[in-house]
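What follows is a single structure, written as structure tokens, with notes after it.
Naming follows writing order (A, B, C, D, E, F, G and H), and every chain is counted from residue 1.
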Amino acid sequence: MNREELKSYLESNFSNCQVSETFDFPLLIVPKEELLSVAGKLKNSSETLFDFLFCETAVDRNPNLEVVYHLTSTTFRHDMEMKVILEDRENPEVESVYSLWQAADLFEDEIYDMFGIRFANHPNLRRIMLGDEWQGFPLRKDYKDDVNIVTL
Amino acid sequence: MNSKVTTDSLLYYICALNEKVLIMGSVSIIVLLFSALGFAALVLAIGKIFGLSSTNPEKGQPYECGIETKGVTWIQFNVGYYLYSLVFLVFDVEIVFLYPWATVLKEVGMVAFVEILFFTLFLFMGLLYAYKKKALTWM
Amino acid sequence: MSASTIIFYILAALTLTFGALTVFSRKIFRAAVFLLLSLICIAGIYILMEMDFVAALQIVIYVGGIVVLIIFSIFLTQKAGERLPSRLPKRLLWAILLPVAGLAFSSWVIFNHPFAQTGTAPIEPTVHNIGLQLLNYDQYGYVLPFEAVSILLLASLVGSIIIAMKKKQQ
Amino acid sequence: MIQFSDITSWIHETLSGLLSPGLTFLAELVLAGVAVLAMVLVFVVIFVYMERKVAGFMQLRYGPNRVGIWGSLQVIADVFKLLLKESFAPDSVDKLLFNLAPYLVLAVSFMALAPISWAPGLQMWDTNIGVLFISAVSSIGVIGILMAGWSSNNKYSLIGAMRSGAQIVSYELSAGLSILAVVAMCGSLSVHDIIQSQADGWWIFKGHLPIIFSFVVYVIASTAECNRAPFDLAEAESELTAGYHTEYSGMGFGIFYLTEYINMLVVAMVASTVFLGGWLPFHIYGFEAFNHVMNFIPSWIWFFGKIFFIIFLIMWFRWTFPRLRIDQLLKLEWKYLLPLSIVNLVIVAFITIMGWHF
Amino acid sequence: MEQVPLTHVLILSSTLFFLGIYGFFSRRNLITMLMSIELILNSININFVAFNKYLYPHQLEGVFFTLFIITVAAAEVSLSIAIIINLFRRFNTIDIEDTNTLKF
Amino acid sequence: MDVKKDFLPDYPGEAYKDENGKTSFIVTSVDALANWGRSNSLWPLSFGTSCCAIELMSTVSAKYDWSRFGFEVMRASPRQCDLIVVAGTITYKMAPVLKRLYNQMPEPRYVIAMGACAISGGPFFYNSYSVVKGVDNIIPVDVYIPGCPPRPEALIHGMMSLQKKIMLSKAYVIEKKPKEEEDK
Amino acid sequence: MENQDISLPLEEQTEEFVVNIGPQHPSTHGVLRLEATLDGETIKDILPHLGYIHRGIEKMTESLGYKQSIYLTSRMDYLSAHINNQACSLAVEKALQVEVPERAKAIRIIMAELQRLTSHELWWGSCAMDIGAVTPFFLGFRDRERILEIFEANTGNRLTMNYITPGGVMQDVLPSFVSDLKTLLVKVKGYLAEYDTLITGNIIFQRRLQGVGVLPKEMAISLGCTGPTARASGVSCDVRKYHPYDGYEKLEFKEILNDGCDSWARYLVRMEEMRESIYIIEQLLDNLPEGEYRAKMKGVIKLPAGEYYQRVETARGELGVYIVSDGTNKPYRMKFRTPCYSNLAAVKPINVGAKIGDLMASMATIDLVIPDIDR
Amino acid sequence: MKTVLRYLQEVALAFRSLWSGLRLTLYFFTHPRKEIITEQYPENRTTSINIPERFAGEVVLTHDENNEHKCTACTLCEMACPNGTIKIISAQVETEDGKKKKVLDKWVYNLGMCTFCAQCIDACPQNAITMKNSFELSVYNRSDLIKTLNKPGSKLKEKS
């Protein structure tokens, strides 16, 4: 499917999600609760077959946190972007997609480390980069560290 | 004293002088042993006496890529090698028996050959058996 | 006293010391190492007695084979750094009594028995002579034991492989 | 040429002029020990230098060339450095065994030198079990390595020691069998006799294919016994950092390093004695003029030349091949070398009895 | 060597023998017991060699006995180690007391 | 080694002096011998964290070949080496490791800070929350080699500077090097 | 598949113990720490610990401008510095819709492919070194050094180049560039033949790699592996083919695939890729377009608000640059999806059950660059 | 028989592959003149060393023969530098016609932090600074790396 087709496909199939597009990809904004079912459909439906999670990251849109999934299909070679918006800044939590794409293991570890977003049912969620002693989540916009950060 | 000794050797000479007192084998071994031990002691002592030294708590800990070790090292350890040394022991004994055999092979002739044929046959059977049982497959 | 006697007594003392350390040491790996040193000293005594071949045998088989095997099995079955548990008092009593009595008795025997040298023409115990006797069918020949050894070893190899590789039972 | 006897008698006379007979004897023993020590150390220094140069040239670079002429003092500088380097036993080790291990390995590799014949008449101990003694003594070394590895209380050391234990004992078998092939042909274990039996041609030339095969097996097996690449699993740097001597520092490590090279020396000496005719010159049967020229080259040059040839072979392997995995290494021994050398020995026995060798 | 009296050699061997006996009885660990047995066997070997050397120098009987004893010792060790390993695998201990109490 | 090579930096510390207060290169021959041995046989720890480590490897490699100076014996265990070349960024997570490695080295030991990261945090000096701003905050440094990464010749130059420093310092004193602040 | 069919003669489990491999370890190529749980020499579990070289690049970009951020990317995967720079520049150009001059594009591709060559050569040397052969390491560096000479002469840096900038390249290549390259490529081909004699054909080396570290295709996809690591498992994932950039669409080249799935396949894929890179460069050399080397850009770059994702194929796999811009001169969020981070995930599944020696072999063929993982 | 043959064949093949590797290293060993590529660095530093013109080793403020530089102290380079290597310290001086004017006092450059990215050179409108291909810069003290680039007494070059 090319980009337009994919977009219309998404619009027709995922009515409770919001569909838009970014510069590069069609974008599907998924409600937090339905993440796993939507992602499972995207991965397994024979029309899309998004079997390759090539990037998963988060963006801190103060005050919301967004988790961004970039998907591609090794069969059809189409890509899309999927987003989950988390409003709870203090205790953000979202379902892990590890059961669908094993690649999520490390990606989600990193997101947890950098943004403090917890992933439910993640096999081994840990502060992979900074270590357990580290205070705060550095990639959040409100991260302050007067000791280490020398600002320009 | 061995009659094959020729005189122009430093060590032979020393031994020959004291023929009555010592057997040569032990002398040479002892000389070598002591020179080795003495050398080792000497060089280690030089390091201790003249070398610099410093202490800090981390210096005494085992090195493991710069991370503290987890758990003890002296644990019960799964050695895949144990069966090898088992088989080795048996073969070692067999080979030791081959040494006297080899020295007289020429004199004894065909009999020795026949005997060794049997001997190695058993050796081979042992090896084959070890194979069959996968004792020599490293785990 | 000549040098060789001095060496003998030194070696004997070392043998006994290491032997004692072997049985007294509470760290099993150290015990194995002391056993090794004791065996080496015994090999030294053999060399002193001009039994070079036996000495070599001692080193090759005992040191190179048996001790290595023992060390490997220590790794496999033991927390080698641990101290061994202390002895049981009941057995300890026997363990001390029996050797002391035995030693007393045997030294009495040794000192009172006249050891008479027989024979006149000594054979040099060289490898060559050993080999000749080994492959000899005469009265003093050892060809049968020689072949028997190979069978014995085969049997022990097969046996130990069977035993060692027996699967764990539930 | 200077005769050794001249020197020795001169030494003896001067000494007995100065000292009482007993002291003379002791002094001479010390002298002898120092002489052997010096000889071995010089060899080792040359080997280390050679290793670095060979490595350099094979790797398209020069190797050491700043310290001394062509870097010849490089190894000496290393020795000075190591001598003055702090050598300590970490608190976590088993101190007794940790400190004992270097002594053991060094003593063992020294003792293996006893039956070696360096030149005509220059031999310490002409025993009737010569080569057997060497292989027997060098098999003690493995215990030293196991001791070092275990007592270090370090996981890398332990794994390295075990590996090298299994490896050394395994390869001892085929090393022994390949020496046996020559022993069977010449009928003696004595180093002196083995050399003399090659007066009309080295065994590697007159022993047909089986002896050449034995030679190859011996070189492979002894490389493995010395823990040299491609069989250097005990200290496989990319896996176990520094293997069984990870925790040794300063001269403690230096002794292990030294021992590695002494072992190589012993191995090379045995190989050149048994297969390449020791200090005997190269002769071609029935080519008198040539033989005559060869006789002019002093025997020690022949012997050292052969030693360096073997050492070069071992180094050449090291700088060419990748390392084997431990199971491949053991498979190589138990599946290929051992059966083949047993068969080889039977063939050799047959040849010997039939008198087919030259 | 001749100057060392035979009795001294025998004393050495018997002391070693009884050291081994002591170890054998006082130890609970199978491997240490095995090591004690090795000591015993070695003391016997010393005896054989010494007798051969001092009393029967025209024969090689003692040497051969030593040879075969060493051989048998090797066979014995390999078997007993195999048994020890097997025991260990079954009971997870090689303490003689513990293995006694567990019924075979 | 000729210590008077003009392209090496001036040695700032106290070169040792004889009774007349004159600077002399050789006070005692033992000192000189020890220093000669040490300076010509610097075995580095095979330690590198990032980009600069590649240049370190280039220096090992055939074109630049620091084995000419006898430095090629890279030991993987700190017990056997004399020198750490800190090649690359040191983060706060790595700092204890580096410190531990340094502590586990036997005396005498030397440190070279290679590259901007090791000297000051380099490109990651500002705005980075996890980079140590210079390894001299953790361990004392003997020679600094600027560059990002320094080219292999620069590393050899740094090594020669270290040789010069060793040659000019006392052999039997562990120099107390300034340590600016404790690491985190 | 030697590992698989070994039946274990001794079934007992002895105590497991934990060995740290890294952070200072000669064969993790940096400061990766693998916490391996071993039973004897068998690996029971591997837990990678990262962050020993985590430098906070993503945070830093948020306070630097776009231009200044680009130079940070060459410190990530420093063996593919050009390609990293290229990725960032492409993302910026895409957002600003700047047309890059043809000459600049060609130079970029040449540089990128040369970079791939150097990276693979270095990998080849260090891979062989991990297996235990030292000489190849020197050969690999010798050849790499030749290419570096060209880099150095043209870009002014050997390793962490900052040559490719938004709009083109920093400065024009030297006049002798083409002729230098032509002589170089002939040499490099000869070097590749040497590699084959020394290592590829070597039986020990083959046996060390064959059947070791098997990464099945499904697992490679699921783990998100890219680059040669994935292609050796038969996953077709070459960004240069599927999302061509900078004119790769006009060039003729194959995507190297191999179905072996093991370390040996990965080795072969990389060796083939070197030849393919040479082929690509040769196509461009003969008709290097003339003209500008850099489009005119403003001094301060401001991207229009929005999200941009640009991917390129580095020597290790797919590098994605994800930029979220809020319209100011600094990126709001910049995420680098680095190939090594995903490939690292493969380390655990392919090594559990293997031996320590195999771990090194499979690590060597996955070819991780640790700062690329940690950023 | 077949298995034996295959076994031997395996052995022969293995030896062949090993020998080809050995031959290559032997070739390297025996042809040092042709193959060795080592540069003898400290000796060749005045002769054959190859440091390309463009090599970025150090930022320098170019001075001409009258000890004049072109820097107007506009601090554009300071702003362009990603990691604050440059500090431009300017001074106010009064020109003859009484106007206050900013001139360069100190061009402070921290070599220990510079990453040689050439952003400053790109940014400088006056082309006052360039990269020098020097590389022998190691020092014993970190403070030695902080340099003042304008030479003492140097002046701004007058526009001609």
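In this text, a contact is a pair of C-beta atoms (placed from the backbone, for glycine too) under 8 Å apart; a residue touches a chain by one contact, two chains touch by 3 or more.
Just so it is clear, the model here is predicted, and its values are computed rather than measured.
Counting hops only between chains that touch, chain E reaches chain F in a minimum of 2. A comparison of the G-H and D-G interfaces places the larger number of contacting C-beta pairs at D-G.
A separation of 21 Å divides the Cα centre of chain B from that of chain E. The centroid of the Cα atoms in chain A and the matching centroid in chain D are 63 Å apart. Chain centres here are Cα averages; for chain A and chain F they lie 45 Å apart. In chain H, the positions touching at least two other chains are 18, 21, 24-25, 28, 36-38, 55, 82-84, 115-116. In chain E, the residues that reach two or more other chains under the touch definition are 1, 70-71, 74-75, 77-78, 81-82, 85, 89. For chain D, the set of residues touching two or more other chains reads 58-62, 82-88, 127, 129, 132, 150, 153, 155-156, 162, 165, 169, 172, 188-189, 237, 241, 246-247, 250, 319-321, 326-327. Considering their complex, residues 54, 57-62, 316-317, 319-321, 336 of chain D touch chain H.
Looking at the complex, you find that chain B touches chain D at residues 2, 4-14, 17-18, 24-25, 27-29, 31-41, 43-44, 46-48, 50-54, 59-65, 69, 73-74, 77, 79, 81, 84-85, 87-88, 91-92, 95, 98-99, 102-107, 109-110, 112-113, 116-117, 120, 123-124, 127, 130, 136-138.
By the touch criterion stated above, chain C contacts chain D in their complex at residues 27, 29-30, 33, 36, 40, 52-53, 56-57, 59-60, 63-65, 67-68, 71-72, 75, 80-81, 126-128.
Residue ranges on chain F touching chain B, taken from their complex, read 34, 77-79, 97-101, 103-104, 106-108, 172, 174. Contacts from chain F toward chain G in the complex involve residues 45-51, 53-55, 57-58, 60-63, 74, 76, 88-89, 91, 93-94, 97, 101, 123-124, 126-131, 148-149, 151.
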